[in-house]
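So the structure is just underneath, and the comments pick up after that.
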């Protein structure tokens, strides 16, 4: 198993590099880009939602704040566009400090309520500061990223693809590092039994804050990427649509595993693109898909594939000894 | 592009090639009924064209993209899908986003884009450098008239003695979106210029407004002569009106755009009587205007109602406009040629005579071009009360003022 | 004196759960706590470790430092570790990861890193009979208790507080537990044990206190305390003869 | 003067609507320990059903509402059967149920759009009674809301407080295994609770559909307000919910009157966050917790 | 055979791990059966199967002459099979009185719960003192009493007690065992599992020793056995497990 995981890193990188060479159609490239972006978001959200078990609904807020930071920076100040990406990550982290306040005292669904309201408040803040944010008009005309003289959009968005792929790869590394570290284990410990964890010297607030900020950083960067990709930011980014979309990804893929949300992002993006013209049927199919997966595979698609791997990898012997 | 020209000719000889026409429309979400109208209009036009044997050897197929609740994200994705698709030769819409940012995308991708709504935004984008947008044309004219006409009409009615303002005061309700805001700003300016007093203003958030109670309370305490609500969303306007009628003041009520949608009347029925509204882009419902009557008949045959959706009239005209240009230019890949032809065209559409202003790429506004039609519901009918050229009735005092 | 309380009190509403308790625990000893159900023993442990409650009044001294206002985490890192009356482990972690968490966060200093050698040593010391890489969910009762103790021990605390470690164990397992605790004690760990199974206290404790209704009624050597009529009256009852 | 009466009237109407919505959520939350994200969509569906019974089946309005409540209670049963019970016992089941109910929201909303189309609809006024107090008018459905909402929820709260059914509900919430061993059938209680909650939501939907409009998205806003009510009143208790609903109604009416519709949600949300931080268990909730 | 409870070749487990391996036993209508055995050998699991909380993989269970496999715990309670579970947290937010009342009404004695409570308070005077306290804040002993009291409220034909004296102080345990003697007088049949071997032998007619999910030894409770003999039986099991 261990050998397999080590081999998987370069394999993953190679796949990411080769993919756009196989899919040269710009529409397919766009799908790949979206998968990578949603994958980043879903994986980073899963740190708090899945591993730490915090009902964190502020992630969408961090995504939006990242996007707005970039929008404001590149249209209102003359900040170098590439620099806007890390700055957006930082501003999302700062916002996460505010969103974290309720987590200090609240538990469970109450955290969900408070953090959801945080995202809603972002909308009102944006609308209220119309001078800076364009209000309900949004920020338009965000210039595309360029590398030297070539736009990342050129050649079927190959530039955006590789940027997204690089960010996704970094996210995967980050999430894996966190999950396999003591931090990751302490999160599970807190989720299992908070009192016991605290009496073992784990600080709930500190550990939760760390993952909260880590998740926010990734979401902020993803938001910045989104702003450059679309060239426009508006308050939809804080809306219910993204919330359900990303939750579908996480739980379809499997919230218990590192890669589950990524798998979910790929599947949901494909399905929703395939059903682009289906109007209301698109949501019906996606919702039905989530429910079916929840019914038959509690651990999501990732859990299913793991089971399949296990069965295939070590036939019966494992079960006999247990 | 001589090679593509040959392929299209070859295609024509081989029994006709199918071209796709893109449609951006809010098929789901709060504006879904507008989206449905857009789709119906475009489909009707395409069907008529295909039934007549197509254009220059081509038949059309509609490629609809749902922009959901005008969300920028969905619009972006839709635009990218359509621009990435080689078979899509032109894109039409009633309106897609609230800011029309997609104009830049289509211009950059050199796709033909015919648009209806948010002309202030279109104008803002295009007039900076019209040469950059040879393929983008708006068949809806500048909205400036929205900001002046109601005031001018009110003064006219007063002058004609149809109505006696008590102290020339107006109350203006606006919604927090560019369309409503720019019209409300125009109205405030015009009212003040014409010697009216603004008795009060209220801004509501963009989106569903459920309870107008507190706004009503303010209106009642201001007791104005004229109330304007520029929140164009039909549900909001209907509930505004219903709540107003619970305890009305002696004021004329003008509602921006919403009452044009068939839905408004379906919801309000008798309560609609007396409501004033206007429209720049919908079908001109005048017996003496042939293109409009024809569309009304066709619409009834296709969809069983003669209430032509205003957005449907827009997309119908857009498709027709494109088909005519293609017929002249011949090569669907000569986008620049088609764009240039459209820009110079002068056609009679169901929405009026469409001639484009070269500085803004908007259709020209005026009684001889695309007219601003003012309506009032009277005896449960939508009556055109201005301009005189087309009108079928005259202004009456609304029932709550009698 | 490594751990002491000075007139510590805690009330829940009108109930004085802990009422002016002063005990002192000497370096290296095993100190027993007994008393009827509801006497306030577990509450006293909670007060010592700051979890989840603080004393209303009084002081808690650990190595001469007042800790009654410190955070539970600070107290844990300072070397005061406890177990719980209902045996608690981190169910979704493997047995080994349970220990790693205990090791990484229980020891003073950062960054939080576990000490593999200590984890293995603790694992060996408690003689856990199962695969250390299996999830802790579904362990047998004795193994859960062992794991809970190992998890507290792995950061080599100065004082270990055990809340009814022998409860629910059959005689054979109780003996195994006594052996384990003896070994841990021999390694120099000071222990405070709450226990109703008096054989465990008699076997291990050098001194003990009996609590009743939140107050200490007797303190002393186990054999003296258990013979004290007040203890018989309040705690042991006529069944003590058995 | 008219300001105060307008605010008061708004408070009673808004509070009543929020109450119907939040009471159901509270009930589900306190028994099943899950959060029903689909409550808004259920309200919407109930509203559409009422409309269909009225306009397509031609039933009288009151009968249509009752019919819709019954039909929706059955849908509620299916909802419990398909979305709640399969997941609730799993580890981390609360989150799974929440996601399942989100999926249900998507299903119901899109389903409604397919069945009834995107055009908004409206139910007629419930009765023509009208009162006017110091310039503030309440008529028809508004009056019905003012009276009916507190009545329904009050009766429910009383029944739950006094009866052994109420005890059973609370016992299940606290220790499912042991409650079963006492003879309580959890499935039956859960079913009843979900059906009652959905029924209340349907009533709210019918009232809302008559005061405002019926559209596939109409449930989102009431759901959000119900969130706030729960946070205010403490999610576990009906009396808290009643107080919370009217407190939010009042807050909203006052802030709307003085700061406008754009700012009132912000102020309401901020108030909610402050309350949550200061009194995490809600305004009225006693703070006794298990050791 | 007029047995009240018949357990026949029951196999059960959790997920992949088997716990019960074809265990069989019977309890007569007026009989008290003790189950002894080391920790983790399946006593609780067996009781959970009997009361319908856990589904056996195979085997049959019949109560009062009827197959009980499809019954929910609620059905069984109303038929008189009452299980007081091991180490229950009870209902933390219900008061002692509410919990008792609930136990009476839920088991179908809605009319007579007041009498039931009075009786329970006779058996456990301590509960009467604490009647208004939330069960979540009771001490361990008080909680056991409340659990037992709730069991009695259902007027059982067969009362199943799982480790009632777990974690009790000697005096309380003594008090409780006296209560148990009274409880024994009030219920027709009983299954008692407890760590205190003497208590089990005192209160029962027969006993089984359960090892590895099966009965390995049975006997009459009054035949005196030395503690050492029992210990060796237990140890045998534990030693097996450890290899």
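Order of writing sets the labels: A, B, C, D and E. Residues in every chain begin at 1.
Keep in mind that, in the parts below, a contact is a pair of C-beta atoms (placed from the backbone, for glycine too) under 8 Å apart; a residue touches a chain by one contact, two chains touch by 3 or more.
Being a predicted model, the structure only gives us computed values, none of them experimental.
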Over the chains that touch one another, what is the least number of steps taking chain C to chain E?
1
Tell me the chain pair with the top count of C-beta pairs in contact.
A-D
Taking each chain's C-alpha mean as its centre, the one farthest from chain E:
B
If we define chain centres by averaging CA atoms, which chain lands farthest from chain C? Would you check?
B
If you average the CA atoms of chain B and of chain D, how far apart do the two points sit, in angstrom?
38
Quick check: how many Å separate the C-alpha centres of chain C and chain D?
48
Separation of mean Cα positions, chain C and chain B [Å, integer]
77
Using the average of all C-alpha atoms in each chain as its centre, how far is it in Å between chain D and chain E?
42
Junction residues of chain C, two or more chains touched:
92
Return the residues of chain E touching two or more other chains; collapse runs of consecutive numbers into ranges.
17, 137
Listed in rising order, chain A residues that touch 2 or more other chains are 127, 279-280, 283
In the complex formed with chain B, which residues of chain A make contact?
25-27, 30, 34, 127, 134-138, 140-141, 226, 229-234, 236-237, 239, 241, 276-277, 279-280, 283
For chain E, which residues are in contact with chain D within the complex?
51-53, 72-74, 77-78, 82-85, 88-94, 98-99, 101-103, 105-108, 110, 134, 136-137, 147, 150, 154
Which positions of chain C touch chain E when the two form their complex?
12, 34-39, 85-86, 129, 138, 140-142, 164, 167-173, 196, 198, 234-240, 242
Sort out for me which residues of chain C touch chain A in the complex.
49, 51-52, 71-73, 76-77, 81-82, 84, 88-93, 97-98, 100-102, 104-107, 112-114, 151-152, 155
Can you check the complex and tell me which residues of chain A touch chain D?
49, 53, 55, 101-102, 104-110, 112-114, 116-118, 120-121, 124, 127-128, 240, 244, 247-248, 251, 255, 279-284, 286-288, 290-291, 294-295, 298
